[in-house]
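Note that chain A is present in both complexes that follow, paired respectively with chain B and with chain C.
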Partner chain A sequence: MSGKHAGCLRLWFSQPALGARDVLPLLMSAVAAAAVAIVPFFAGPWLLSAVRDALVMGILALSYDLLWGRAGVLTLGHTTFLGLGAYGFAVATVQFGQAPVTGLAAGVLCAAAVAAVIGYFLLFAGVRLHFFAIISLAVLIVAQQLAVSWQSVTGGDTGILGIPGLSFSAGGHALDLSGPRASWYTVSAVLLVATGLMWLVCRSRYGKVLGAIATNEWRAKACGYHTSFHLLLVFVASAALAAVAGVLMAACSGVVAPDVFSPLLATEVILWVAIGGRGRIGGPVVAAVTLTLLRQTVSSYSTDGWPLILGGLFLACVLFMPNGLRLDGRVWAALRAGRAIWSRPSAHRVGHAQEKR
Partner chain B sequence: MDGQFLQGTNLSRAFGGINAVAGVDINIRLRDLLCVIGPNGAGKSTLVGLLSGAIAPGSGELYLDGERMTGRPMHAFCRCGVVRKFQGTNTFLTMTVRDNLVVAGLGVAAYRATPMPDPDAVLEEVGLSGQARELASHLPHGERQWLEIGMAIMCQPALLLLDEPAAGLSAKDAQRLVRLIHRLRERCAVLAIEHDLGFVQSLACETWVMHRGEVVRRGSYAEIAVDEEIRRIYLGRGATHAAH
Partner chain C sequence: MIGILNVASYGCVLAMIALGLAVVFGMMDIVNLAHAEWVTIGAYALAVAQAVGGKQAFWLALLVAPAVGALLGWCLERFIIRLLYDRPLDTLLATYAVSLILQKALELIFGTQPMLVYAPFSGAVPVPGGSYPAYRIFVIGVALTVTTGCWLLFARTRFGMQLRAVIQHTAMAEATGIDTRRLNRIAFCGGAALASLAGVLVAPMVSVESHLGVSYLAKAFFVIVLGGIGSIAGSILGSAVIGTAETLLSYRVDPSLASAVVLVLSIVVIRFRPQGLIPGFSAAHQLLGKG
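So, the complex of A and B:
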């Protein structure tokens, strides 16, 4: 039986040989890893914490890209799971005095369980597309109301303050990840590992199956796929990753308030993935980090400006870049254009030579 | 089991008061080859929908290999070996031709924990080796038909349901398809729905005629072709040239 399962896993997740396509992602991840390692030695504590918070949003964007970009499930309430992760961690550590590890488990399990229940009832009943999106928005608003009104547990409008940072202890050794540098490395390690895992899953055959379900679910069913089950699996995985982002957010900032459930942030998540390019590894993360830093900058001048900019960006994205920015595609196009210009004079000369002959 | 693969009794399905399929009994043994013909709206595609699990029957029972399948979802039918080629074409347009085949083969192979058929061999079989890296959306209609057939082969069918396989194929390609179907028959049963009577004639197999949701004639193509009643149903009264 276990042999059968191992064979199955190999069938799903076996990796194709490395090719020219993989050079860019590998190069980019190496550069990103190097940058992440060096930055704390140059950046001041304020900048470091600002970028770290932006990287947490990068994890959130990654989780949404798995759901919308890879499996084609559009939701308007993805931050439900970010909030559940954050509140799960905060309630477990502050209200119940548990260790941060327990808080981490509580946050992630809570979000995954909610996603599993909602996803089971919606996806297995065939709810898709905008119907699913609207219901997910309703779930987000319910969660927000709960966070505001269940004061004894969630702290109401003020939320929960004094959340401890992440730390692990096992066998007498303690690993404290709450300092500025330690939390920076924790967040970036989680982001890099999650990105790498998703890259591996998506370049395997399973990624192709997800792509197939996203393009033509009916046909995938006719090929023998239990598509609702696969979508549920992705939904739960995506919720768990969003909850990890939520836990990191709560642990890094030390506070959690009901505004994590705000529809504005949920819209921003969609925008990150749309601008970064659906299903493009790295794109949504870069977009999330950049736009979050931009938001922090804009908000320091004016608090009203950001929603306006966000709306403008969304409109521009839908009208002019339905497939996202696709920076790498643009680089290739520029290279090709450059090569064409470079080779034109020589082609000209060849033409002349032939005429003479 | 005496080689009996699919058994349907009294299969019916109505859409808005119109009986698309009304009380069809069907038995298919392994390695049967069967053609269903009939005028537009006779219920042929609905019959394929019922047999492939895409449409649940309004009444009647369906058994595959002795297992009751009435009302089961479509992916369960595919896992049991009933594989369908859709009318028109229905592929994963954003993916390459080869990836289409890989995805098509993986679902069943993973479920049965068996290795999947070699996609390159199937590409060879349907004549798309040269287009393996093309996006499916870039293929012309005729080649998408071949891709669909290739995807169906990748699902390791025990019963292959072909919904208008020759539509959009040139006469030469249609003959190639006839040869492929005869080769496939060594592995599985084939049920084809077709409008093109020339194609049905060259398959030279058992032929059923459907009319208003019922199977009105069962016999060899030669018998069907000379049946005056069938000519009347199929070509309409006053048709001067019978098909072949």
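So, the complex of A and C:
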């Protein structure tokens, strides 16, 4: 029985051979890894912490991209799971005095469990699209109300202060990840690993299945896939990743307040993925980091301006760029155009190129 | 008795907000997340009217606010939603953006502190088991009248028949000569006007802030999903159920815990009855029946 399952898993996640299409992502991830390793030696402490917080948001964007971009499940309350992760970590470490590792597990498990319950009841009932989005918004609002009013556990409006940083200790060795440089490396390592994992999953057969479900669930179902189950799986995985982002956020900043449940942040998450391009992997992360840094800049001038800018950007994005910015598509188009001008291809070669595509 | 009246006043207001949403949702397959802002706009219109004209300007606001709401609703339909008719999920996002902008714009214009509004009359009416504020009874009366009026309009008039036809099958309705675009616009403005009216009515009972409508919005959507999309009776029944459950629960436990419990209960109900308590006819059902 287990052998059959292992075979099944291998089939799901079998990777196609590396090809020309994979050169750009690999190159870009190598550049990103190098940049991440070098930056702490040049950036000041303030800039480092600002970019680190933006990278945490990048993880959140990645988790939402898995859910909305890949599986086509639109939710308006994705930050529920970010908040659950953050609060789970904070409550376990501060209120119950547990080790940070336990807090990490508590936060992620808490978010995954809530996602599993909500997802089971809704997705298996066939609730999709708008309905799912609205109900997730309601879940977010209720979570915010609970975070404010359940003072004995969540600390009410002020939230929980003095959250310890991440640290691991095993067999007498302690690994402290709470310093500015250590937390930078932790966050960026998590982001890179998560991005890599997601790239692998999306390349594999499973990514194709998810794409099929997102494109036309009826047909995917007719092909014999238990679509509700796969959507539930993706929902829970995405919630767990968002919770990891929440734990990192709480551990890095040391505070968690009911703001994490604000609909504003949930809107930003959607905007990142919308601008970065749904179903892409690098785009949403880059958009999240850029826009978070932009928000920090704008907020330092005026606190009221950001929601207005956000709303305007959002509206413009929905109206005029339903597929996101697609920067790499433009780069490719420019390269092709450049090559065409450079080499003045004959009619025969142009036809050939079109055929290949 | 007082409990029943509390349930009635909450449920009636919820029904008024949900009605506009339900019609727009059922007809155009559009989720108007900015609907909550129209409740807020109604409440602010009342505040402005009373700041200018004193306490008795309430009666004027009762007429003016729906007009303002309908006008703004027309603008929203004309300039944003019309561009997105063939992309239903994007309308959800676009209206979400609009609600964000409106909320912040209201805050910028009027400030973040709660606005001053007054009930047009005070006093209490004796009812069995105590006395009850007269204004709340007035609210129940108005809301009941408006809801019944809408139901009659929907069920008994030619216009209502056309609306139902569009909800059932848009293309077929168009083929029989109904101007669906025009009907959509009227329904959208009507829904916006209803929400603004509800805003005026609730304003003296709550604190008037820019995020006044948001809590009603989530409830109103639950009402629709629970009651059945595209059916007026469903949304009325849904608001009765949710209003009752929430009011009764909040006697026993903390109000936010009460909304959490109601939310969980509705999710469980949806699991077993995805088409809603009173199923209506709507294209949206085909989406729901997918899983």
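Note that in this section the second predicted complex is superposed on the first by the 342 of 357 C-alpha atoms of A that agree within 3 Å, B and C clash if a C-alpha of one lies under 4 Å from a C-alpha of the other, contacts with A are read in each partner's own complex, and residues count from 1 in each chain.
Heads up, the rule we're going with is that contacts are C-beta pairs under 8 Å (C-beta built on N, C-alpha and C of every residue); 3 or more make two chains touch, one makes a residue touch a chain.
As the structure is a computational prediction, the values presented were derived from the model and not from experiment.
K.L.:
Kindly say whether there is room for both chain B and chain C on chain A in the superposition, answering fit or clash.
P.N.:
On the superposed model, which is not a single observed complex, chain B and chain C fit side by side.
K.L.:
Among the partners chain B and chain C, which is in contact with a greater number of residues of chain A?
P.N.:
Touched residues of chain A are more numerous for C.
K.L.:
Now for A:R10: first (chain B), second (chain C), both, or neither, which partner does it touch?
P.N.:
So A:R10 meets neither chain B nor chain C here.
K.L.:
Under the stated touch criterion, which partner chain does A:W218 make contact with: chain B (first), chain C (second), both, or neither?
P.N.:
After superposing on A, A:W218 lies in contact with both chain B and chain C.
K.L.:
Can A:A133 be said to touch chain B (first), chain C (second), both, or neither?
P.N.:
So A:A133 only meets chain C here.
K.L.:
Check whether A:R339 is in contact with chain B, with chain C, with both or with neither, and answer first, second, both or neither.
P.N.:
In the superposition, A:R339 touches no partner, neither chain B nor chain C.
K.L.:
Which holds for A:K208: it touches chain B only (first), chain C only (second), both, or neither?
P.N.:
Touch partner of A:K208: chain B, not chain C.
K.L.:
Once the structures are superposed on A, label A:T227 by its partner contacts, choosing first (chain B), second (chain C), both or neither.
P.N.:
A:T227 contacts both chain B and chain C.
K.L.:
Touch test for A:V318: chain B only (first), chain C only (second), both, or neither?
P.N.:
Once the two structures are laid over each other on A, A:V318 reaches chain C alone.
K.L.:
Just the number, please: smallest Cα separation between chain B and chain C in the overlaid arrangement, in Å.
P.N.:
So the smallest C-alpha to C-alpha spacing between these two chains is 9 Å.
K.L.:
Just which bits of chain A does chain B share with chain C as contact spots?
P.N.:
Overlap of chain B and chain C footprints on chain A: residues 218, 227.
K.L.:
In their shared complex, at which residues does chain A touch chain C?
P.N.:
That would be residues 74, 76, 118, 121-131, 133-135, 137-139, 141-142, 145-146, 148-150, 217-218, 227-228, 263-264, 267, 270, 274, 304, 307-308, 310-312, 314-315, 318-319, 322 of chain A.
K.L.:
If we count contacts the way the header does, which residues on chain C are in touch with chain A in the complex?
P.N.:
25, 31, 33, 80, 83-84, 87-90, 92-94, 96-98, 100-101, 103-105, 107-108, 214-215, 218, 221-222, 225, 254-257, 259-260, 263, 267-268, 270-272, 274, 284, 287-291
K.L.:
For the complex, which residues does chain A have touching chain B?
P.N.:
Touching chain B from chain A are residues 4, 7-8, 11-12, 205, 208-209, 211-212, 215-216, 218-227.
K.L.:
Could you please specify the touching residues of chain B with respect to chain A in the complex?
P.N.:
Residues 52, 54, 73-75, 78-79, 83-84, 86, 90-95, 99-100, 102-104, 106-111, 113, 116, 151, 155 of chain B touch chain A in their complex.
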